[in-house]
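The first chain written gets the first letter, and so on, giving A, B, C and D; residue counts start at 1 in each chain.
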Amino acid sequence: MKTKLRSFLLSSTMAAGLVLSSQAVTADVDLGENNWSWGKDDVLGAGNLMTANSIKAALAAVESGKIIELSHDVAVGAPYINPIQTPYVITLARTSKNMEKFLRDNAGATNEVGFYLERIEMTTHVSTHIDALGHVTIAAELYNGLDREDAASDIGLNHNGIDKSPPFIATGILIDVAAYKGVDNLEPGYAITVADLQGALKKQGTTIPKGAIVFVHTGWGKNFTAKPQHYAHTGPGIGIEASKWLASKSVVAIGADNMALEVTPGEDPKVIFPVHQHLLVKQGIYIIENVKSDELAAQKLYQTTVIMLPTKFKGATGTPLRIIALH
Amino acid sequence: MKTKLRSFLLSSTMAAGLVLSSQAVTADVDLGENNWSWGKDDVLGAGNLMTANSIKAALAAVESGKIIELSHDVAVGAPYINPIQTPYVITLARTSKNMEKFLRDNAGATNEVGFYLERIEMTTHVSTHIDALGHVTIAAELYNGLDREDAASDIGLNHNGIDKSPPFIATGILIDVAAYKGVDNLEPGYAITVADLQGALKKQGTTIPKGAIVFVHTGWGKNFTAKPQHYAHTGPGIGIEASKWLASKSVVAIGADNMALEVTPGEDPKVIFPVHQHLLVKQGIYIIENVKSDELAAQKLYQTTVIMLPTKFKGATGTPLRIIALH
Amino acid sequence: MKTKLRSFLLSSTMAAGLVLSSQAVTADVDLGENNWSWGKDDVLGAGNLMTANSIKAALAAVESGKIIELSHDVAVGAPYINPIQTPYVITLARTSKNMEKFLRDNAGATNEVGFYLERIEMTTHVSTHIDALGHVTIAAELYNGLDREDAASDIGLNHNGIDKSPPFIATGILIDVAAYKGVDNLEPGYAITVADLQGALKKQGTTIPKGAIVFVHTGWGKNFTAKPQHYAHTGPGIGIEASKWLASKSVVAIGADNMALEVTPGEDPKVIFPVHQHLLVKQGIYIIENVKSDELAAQKLYQTTVIMLPTKFKGATGTPLRIIALH
Amino acid sequence: MKTKLRSFLLSSTMAAGLVLSSQAVTADVDLGENNWSWGKDDVLGAGNLMTANSIKAALAAVESGKIIELSHDVAVGAPYINPIQTPYVITLARTSKNMEKFLRDNAGATNEVGFYLERIEMTTHVSTHIDALGHVTIAAELYNGLDREDAASDIGLNHNGIDKSPPFIATGILIDVAAYKGVDNLEPGYAITVADLQGALKKQGTTIPKGAIVFVHTGWGKNFTAKPQHYAHTGPGIGIEASKWLASKSVVAIGADNMALEVTPGEDPKVIFPVHQHLLVKQGIYIIENVKSDELAAQKLYQTTVIMLPTKFKGATGTPLRIIALH
């Protein structure tokens, strides 16, 4: 498995022409400040920024009632990072014909009733999904200072599972970095900078209000179905400084049309998923991955009202979900 | 398995004092009229009743921005009908400590990064969920006249899977039949009548607008976590005539705080799931089960704005989901 | 889950008329001596007792070539200890008709070929199975002094998985304690003593040779299919002293026709699975559970040649398996 | 999925220099004669050739008691044919530390007992395995004339599942075609002929007794762990005439060190798995795949006593298993 994961981390680094230092890597990445400002028992994190008033305002901003879909299907063949993630499997576990027979033979059914039921095996980080705050750790530490020793049982997270996440209704801001750069998609390994975000926002004439949900459009999402394994193991994405700058805007959640939100491989290939560490652990900001933002970008809908309602899988580290943008 | 399923169908029949005829049951239940009025390629069914205008209006009706949650957790031990359904399993497939070691040893990670990931095995009809239109059959027929021969492959439904369902934003109407009857909960096996629905609506001062999502409150939902297996295998619910009357109001979806929306065992115990056949196959109206409607009932919030966003599991016969009511 | 597990441990204690002391239980159970005599890197444990010579002798002892089956089916509804174990699920994931169509449409197949494939979700401790040496711990310690910190990754045991177990070909000794006691089956909660084993062996005229596989027949196995949940949560079985006495005979593996080999609930209900701790951790002796020994007992075949070939699930804590006795 | 499967079927065809006719392929492959000679209710097929006498003789032939292992591990990353098969997943569902805590907190355990349990999701056709007679169809027909309509329910095969297979104890014959051809391994797409088998047997000085289990060594098995996906989607193997010739020898089972026993892609790439159809459906002869025959070949052990004991997964289409050869 060693080879495969290394390849995930390094291969596109080569492709992008970056130079890997052979000197010992020092773990001097600055993961940013803690923002555990909602009390020691808090499980909502930046979700606290959404209030009845903010929700009412977000809904009131809807003008046409038209919906843009932001989710891919959850389907066989969905990209996953092998071997640290696991594949998605769906099979038809009950079929109309067999169930009609079963209900007739075993329950005396006289009304020709049959049904289909599937069986799904998955991690929740499949297709378009949101990460729970308890998904990631820095050493033994989780969001809000929770310790790894108390964080989980064998059937899930004890405190920061996705079942604790709020419903999300907020202003959605699209930052189309691909358009700003004048490309169809950013290259794998390209780390989006603060200047990129600021430049794109300026070009768009958009600002980020407090409590927003931000989607960064890289164009990489077109590979989600076309080249799922390539898509999964590399991609453009935000760098650590860009994540800090977005966090400083007091956003609720940040997503992108790529596998990990952050650039893969990372700016320092030996610092793995630092943006996850900063946003989830340090800031309590939710991460959304595999966002299907192409239609929003095509329509230049830079400010919308976004709704996402995480399924309450108890103790789960995330959930696939349907995201919509209303305008 | 024969014993167990019979018990599911008949046990509470006994408890309710109903008499099972020993004579041959004739399948003369009237499953109602087809309402396949949206064209031969339609996959939305009653979802067509939601338009940009209706959505805009539903959102504009939100006054406070406050949210009432209508979903149970999806958790180990969730009720299921054995053996026709299958159990829910979640385990922690990746753990912070092991993954920190893995990323350090295999990818040279220097930033003490770890993470948790779960593995879930499920049918989508677990906990609070919505049924796809293709879930149920009458003989070989599915919604919109689709034939069983073309309906599904081994990895799911070909046409009427939950991935085809629309986002739901509509007026939500709660019909509190338990309160109308003056009981904490209706008894298992009690079939809610048209008169019950009309009486409760009149008492509440509520009407059902076209395109609404209707929730019937039976009080049975308190057993969802307290007595999951008992809850799963019997319960009060709507009868076939009540389902036809609700369908005649041009609603989009109907849910209840029980396992099957409809009464279990059925009015005629040998006619299994006729309400499913009427609503899904004949009417294209979505069914929602295991709704957690207690808080809505306690607050007497009979009219709200309901949002539910089915996860797009490709080809799946439903999906667990988060339902919210705004007022 | 608390209630359910307590019930598993205590309910039949009541039924058996045992008295539970209310005083604080002291952990003064004697789990016996270590027998880590095969070197610090050993992973075979008592499997070392089987040699080419002993195998040749065991095979040479077969007189008729007739086979007695000692395994139950692995099937839906198989008993499991809820919630510490997990349920067995099998569904037909690929079906002849759909696959025939798929191969015709996607690969141009002209030979009307179809096939069935199932999907199985399980723990390996389902139905008739063997425990790997690494299945159980005493505090942080595993067989041969292995420490919990190094014992496992997220995909299984690192050292003592069932993939490391040898093929088993050895003299099989049946000890029919039910017959010795003159009962159809021993009562749940009955702890088989050393005297019981000695008495039964004497009555049978059997001795236990070094390197044998021992099966203890309790009669409880008749409930495996008849009352699976009752069967799983209680039962007669060997007590801790009986396990030590069997271990002193230098046996390779010990099995019984019950869920846990050992009596459930335990002799001291607050000392859970001490026989597992003694045999697996201290002695490196394999445990076999849910043995179907009724036919062997009925035929009074007290000494046979037993073969079992554990499937090499890498890192797994056991495996369901087919056991045969030849005579 | 179309592309991938085609690639599986055709890619190595190109590599092997074969020419694909563009004209319409006629399904004129001769799948051979039926050999349903054991009665209309038979479920054993060629398993009937094993008797107490033949078993006794096979055991008596063991001279040294030494064992050669013929099985690969069942492990994450095991080859599978995508998308017609499904991936293997194993995760550690219960861990020593968490279970020790659970048993202490919920059952008052005082003896520091913990344990590990895994969760496995699989098809049974993973790693070294045997096919049940009901695995494959010719149009609607299964082994012994069973019709597809009655063959299976949603939880497995009704008649010809692997739970019906006998224990296998028989003379094992290795045919080392790679050695006969003087190569390390045969090339993918190479169809082993009758002449190859005859030549190899002659060179070895071996004959095939009635009731034997035959293993064909191609050398391809070295790619099982080294290049699992390449291994899965192509390979050398026996052709249809070779399978008929082996069947004419009244063998019980035939295996090889490749994914499908038969050559992939097939001799006529549009005739998919004809050897499966001939052996399983027409002849009732069991197929064994992914045999690890390298050690047997290296030691030139052409005749041994082979034991394999299929796990009785009820209704399953096969089972992974441990195969041993004794000499």
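One rule holds for everything that comes next: a residue touches a chain if its C-beta (ideal position, glycine included) is under 8 Å from a C-beta of that chain, and two chains touch if they have at least 3 such contacts.
All figures in this text were calculated on a predicted structure; none of them were measured in a lab.
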item: Selected pair, greater C-beta contact count between C-D and B-C; value: C-D
item: Interface sides of subunit A and subunit D: same vs different residues, half threshold; value: same
item: Computed distance of Cα centres, subunit D from subunit C, in Å; value: 27
item: Separation of subunit B from subunit C, taking each centre as the mean of its C-alpha atoms, in whole Å; value: 42
item: Multi-chain contact sites of subunit B, meaning residues that touch two or more partners; value: 1, 76, 86, 89, 91-95, 99, 102, 119, 121, 153-154
item: For the subunit D and subunit B complex, residues of the former touching the latter; value: 89, 91-95, 119, 121
item: Residue ranges of subunit D touching subunit C (in the complex, touch as defined); value: 1-2, 5-6, 9, 25-27, 29, 31, 51-57, 59-60, 62-67, 69, 71-76, 84-86, 90-97, 99-100, 102-103, 106-125, 127, 134-140, 142, 148, 151-157, 163, 167, 269-274, 276-277, 307-317, 319-324, 326
item: Residue ranges of subunit C touching subunit B (in the complex, touch as defined); value: 1, 76-77, 83, 86-87, 89, 91, 93-95, 98-99, 102, 121, 153-154
